[in-house]
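Sharing a structure, written as structure tokens. Questions coming.
Chain naming follows the written order as A, B, C and D, and within any one chain the residues start at number 1.
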Amino acid sequence: MTTDKTIRVVLVGGSGYAGCEAIRWLSRHPNVTLAGVFGPEGETGPMEAFYPLLSKQVPQAQELYDVEQVAELSPDVVLLCVPHKVAMGYVPDLRTAGLKVIDWSADYRIKNASVYGAWYCPHTDPRGLAEAVYGLPEYFAEDIAGADLIANPGCYPTCAVLPLAPLLRAGLIAPTGILVNAISGVSGAGRKASLKNHYPERNENFEPYATAGHRHQPEMEQALTMITGQEAELLFQPHLCPMDRGMLATIYATPANNASREELTRVLNDAYADAAFVRVRRDVTPATKYVAGTNFCDVSVTLNKGRVVIFSALDNLIKGASGQAIQNMNLMFGLDQTTGLY
Amino acid sequence: MTTDKTIRVVLVGGSGYAGCEAIRWLSRHPNVTLAGVFGPEGETGPMEAFYPLLSKQVPQAQELYDVEQVAELSPDVVLLCVPHKVAMGYVPDLRTAGLKVIDWSADYRIKNASVYGAWYCPHTDPRGLAEAVYGLPEYFAEDIAGADLIANPGCYPTCAVLPLAPLLRAGLIAPTGILVNAISGVSGAGRKASLKNHYPERNENFEPYATAGHRHQPEMEQALTMITGQEAELLFQPHLCPMDRGMLATIYATPANNASREELTRVLNDAYADAAFVRVRRDVTPATKYVAGTNFCDVSVTLNKGRVVIFSALDNLIKGASGQAIQNMNLMFGLDQTTGLY
Amino acid sequence: MTTDKTIRVVLVGGSGYAGCEAIRWLSRHPNVTLAGVFGPEGETGPMEAFYPLLSKQVPQAQELYDVEQVAELSPDVVLLCVPHKVAMGYVPDLRTAGLKVIDWSADYRIKNASVYGAWYCPHTDPRGLAEAVYGLPEYFAEDIAGADLIANPGCYPTCAVLPLAPLLRAGLIAPTGILVNAISGVSGAGRKASLKNHYPERNENFEPYATAGHRHQPEMEQALTMITGQEAELLFQPHLCPMDRGMLATIYATPANNASREELTRVLNDAYADAAFVRVRRDVTPATKYVAGTNFCDVSVTLNKGRVVIFSALDNLIKGASGQAIQNMNLMFGLDQTTGLY
Amino acid sequence: MTTDKTIRVVLVGGSGYAGCEAIRWLSRHPNVTLAGVFGPEGETGPMEAFYPLLSKQVPQAQELYDVEQVAELSPDVVLLCVPHKVAMGYVPDLRTAGLKVIDWSADYRIKNASVYGAWYCPHTDPRGLAEAVYGLPEYFAEDIAGADLIANPGCYPTCAVLPLAPLLRAGLIAPTGILVNAISGVSGAGRKASLKNHYPERNENFEPYATAGHRHQPEMEQALTMITGQEAELLFQPHLCPMDRGMLATIYATPANNASREELTRVLNDAYADAAFVRVRRDVTPATKYVAGTNFCDVSVTLNKGRVVIFSALDNLIKGASGQAIQNMNLMFGLDQTTGLY
């Protein structure tokens, strides 16, 4: 651990919720210098103008994104926190400029360009896609350490994959027919005002969405397949919950090999004994308030009427976005994963 | 429809949330005289002392429950809104006094006393159990009309059974392996203060509960079996959602007989074409705000990755309790089901 | 009381929160037929398309507003629930067509056109301004009964004026230097999506607004002056509170004539002894939940450190808008004020 | 600045909201070792048992409070986060044991024992009262640096005093007749479950409390008098707001010496030019979300209808409690005030 190392970071996309959260964590990180913040046209100016919360804490202004300006700052890494499609427009030039990138969009998460195309739009950066490492630190730490381009996982996939992967790997649940029923706080829907999330519409209103399929579903399946080496198939149904932050997945799977609750829990415990940010619960059921404001993912497993029932909770803006990106950054630069994240 | 009929109602248990809600509806009901309100020791006094909301609207005081005092008021029906176990202590005397009862507790819902015993406590009123009619008006209207003792269904069972029953009956979903994932607003947990539901603990906190099994599960299975004539088996997992009111079930089932979404929706539409309080949705996904403050249950169905996915929403204090009881009362006294409920 | 009377009502502006709330009350009102609903371009269609809540309850569609179409329906009264400036564009034609109007905007509330002009925009209907009656039923019931054009009061003015007027009239508080510190739920800000009221911005966020002055201030002063016959002067400061509905004013005034708390309370009690919708509290402090969903205004008064402190609460969408309009309508048509409002 | 200094801290009262918040900040503080956590009978055990949030972050258990056990740990300072009356039972022994104490209760805040007695209970530690320094760092930094016993200010007094003091000192507002109208999130009411703050009672419910006077009022007056050297007199009225955290005061004062808004703002700017945790706002009105999770107090001032109107916001659990205590601790041990607090 080289604690006197300083990482020069450029953040692109500071005006969204995850970007703002990242800036707060980065400004406390003992090994980080925030060299610059960039954003799209129409969203430039002092960070405190977007978030009065940041006054006196974050002196930076968000400047108009330009790859040359970014490169001039000689950052060690660029945190790219922009919408999908925009990201794959930026990445090729950033990589050509020799910069390492942690991309928070979906653009480099799905390895199969045609699957990506079916759920998002045609992919325009196959080279980046080939290069990108899926940044789930609990499973790909070594690859991440050597990566130049990281695809920071989605919030829902992180929440679902962390508890599922060890159980699948141990053969204690069937790899198909998995149901991921999940809820998210409203910050997960982004900062753009909409009637749907206008306060009087959303308050006291619990609502399913993406009922025809959500694009985090193929990401979950791919991640599980990558980790376990066998095809995984699942159905994912998200809901909006009237709260700012927090995500909770209730996952139903078919037990295999006569798994008992003790065995299921032991497998999770073993899998995450050394994981800094996964907490396996037994007597406490995961709940969003227990992870709020942290980079933890809390998981538990039980058996009920012949089904394996898994609960998993995280803060969608932290372990689901900014915190995981910083965890990846720590790995890339040889720091302890937890640096700046407790 | 005899609109000049007056029903004398006694409510037992006005100080809980569902009781208070009932009083508000009853005081607006064109055919109801609220003859008296009774409660347990330590909870007597003017209704407005419990709920300042009720001042100038509800003149009644809650008096100490006593079966003779209730009988002296010659009510046409007693709405019994007390905890399980207490209810089956009251019902035998009320019935002996010749009074009709709509019981809101779980005590008369589960026909099999040993199943009841396994989930609650030993049953002490087998005679009542034999007499009671399960008060789900959409399915048992005729029995309800002639009943002397009605078991008003639980909120979760109402929410789950209404969309499931027609699909099961039509053979479009498998009767086993059904998953009912549901959420409730906090009023569903009652009015007793607890750390768990202390505002700063519950706000911004979405949390699963009853992870070892919830006693509404056997009620759901029994109701579906009664309605469809075939054994139904399901797993029910509830969650607490940070809002006052509202309930939403997301239900997963295995399709049968090549059900298409159109067919599934048509079956629901047909089943509830004449139902006053079930709204089958197609372009709008059910959400708790769309049913808040009403006696409606909104349902929709879709297919996703080979599974039937059902959404069902209601107001736990109305269609899930007080409104359904009044709907049952209307049926018992030959009124239109909707009287006083729109 | 002619309870078999039927009032034909046309509502203009059903797609806003107050309009929707009005429709719900009107559809339950025993003496009302909702003859039509009209709205602006771009906001036409079935009411249930705006509010899925209204399905199966409200069959009406909102049609494009046109004075001739309105007149063809021969309504007894038009409830005009449109923004200020739009209202004074509609009223002259509606009045020319011989229709009675209850206007919910600010356009006819402020008698002095130059005061109106200073806070809003130049006034374009002086004739209407002269004709309009200020529709605060507790003070102007007789004028309202004979009016053809009613200016339905603002929510904040109703909340502040009801407790202040009797105390001023009795000479128990000084008419100047009054401070009205008030809060409103977010529905008071209307249904248009904005970053300010985007759920993740507004939740957990209590915030003052209109810090340079709010246009309800001159309305409050005028109403108090009209009622008491002496100039009243006050400072009004509103705040947004993270909740759907509810309004609470905390008002500070200088006592006069050695007012004691008993005397102050007695004056309020006397003033509102016969008022259907004002509840004078003594042992319960007004709170928004005690009036939610009702047409009540709860008021209380106390003395603290030589100042008179008044609390006043109402539901901004009901007593602050739709309920008060219906109360006015009841008066106009010789019904009991409470008809359809309990 | 001696950044390699380590302060051994004992916290008494970790199971309350402010104590839990303190533990989180202390565990991140670069110069702190949390030597032990103590609590009352019935509230001992691992901190994570009280707050599952703290798992894997805070290994400490709360042990039964005993002054000798505390002393054995040789702490440099004891943070005493227990209720009033309990605190003055503990402090004498802690001081006798030679330990420095930062007390969060009200017991040592009010210098005049008879004033304390009138609002709380008879004072039992006059020696401690004489020794205690009022820990408002923006005004008493020097005294705090040399103190052995610090009375950490109340949340409301901090919120009100910070903006008022400079304006009073500059003679720009009158020292009497000040009105402090304030709101607090529900965590301010503590962690003990009560019907009043049961989620379904508090949600959607804005409510005044302490309408006969609140004991933070004499603390505010004393603090202003201490700082300005002239008697200050004010009326304080608090309200509960349905949110977890945050406090906002809207303060009304009479201008003096023809203060303009520019002058008022300039005085605040000058007063807090070097203050790490006070942010003087001009174009942004303070709001609770802008300070949530931080140790900042945001203030602004305006003139409206001849009155000075001040807004002040802070996080009641941080600048109103734990953060301010750590700020005081930093001062006591020669660290930069901001250490561990950004």
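Here is the rule we go by: contacts are C-beta pairs under 8 Å (C-beta built on N, C-alpha and C of every residue); 3 or more make two chains touch, one makes a residue touch a chain.
Just so we're clear, the structure is a prediction, and the values are computed from it rather than from any experiment.
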Look at the interfaces B-D and A-B and say which one is made up of more C-beta pairs in contact. A-B
Please tell me the distance, in whole Å, between the geometric centres of subunit A and subunit D computed from their C-alpha atoms. 36
Subunit B to subunit D: how many Å between their CA centres? 47
In whole angstrom, how far does the Cα centroid of subunit A sit from the Cα centroid of subunit B? 40
Check each residue of subunit C and list the ones that touch at least two other chains. 185, 201, 203-204, 242-245, 287, 289, 292
So what shape is it, when you link every pair of chains that touch: line, ring, star, complete or other? complete
So in the complex, the part of subunit D that touches subunit B is made up of which residues? 17, 185-187, 191-195, 197-204, 242-245
What residues on subunit C touch subunit B, complex-wise? 27-28, 51-53, 55-57, 204, 276, 279, 281, 284, 287, 289-294, 296, 298, 342
Footprint of subunit D on subunit C - complex, ascending: 179, 181, 183, 185, 201, 203-209, 211-213, 217, 233-235, 237, 239, 241-246, 248, 250, 252, 285-289, 292, 302, 304-307, 309, 311
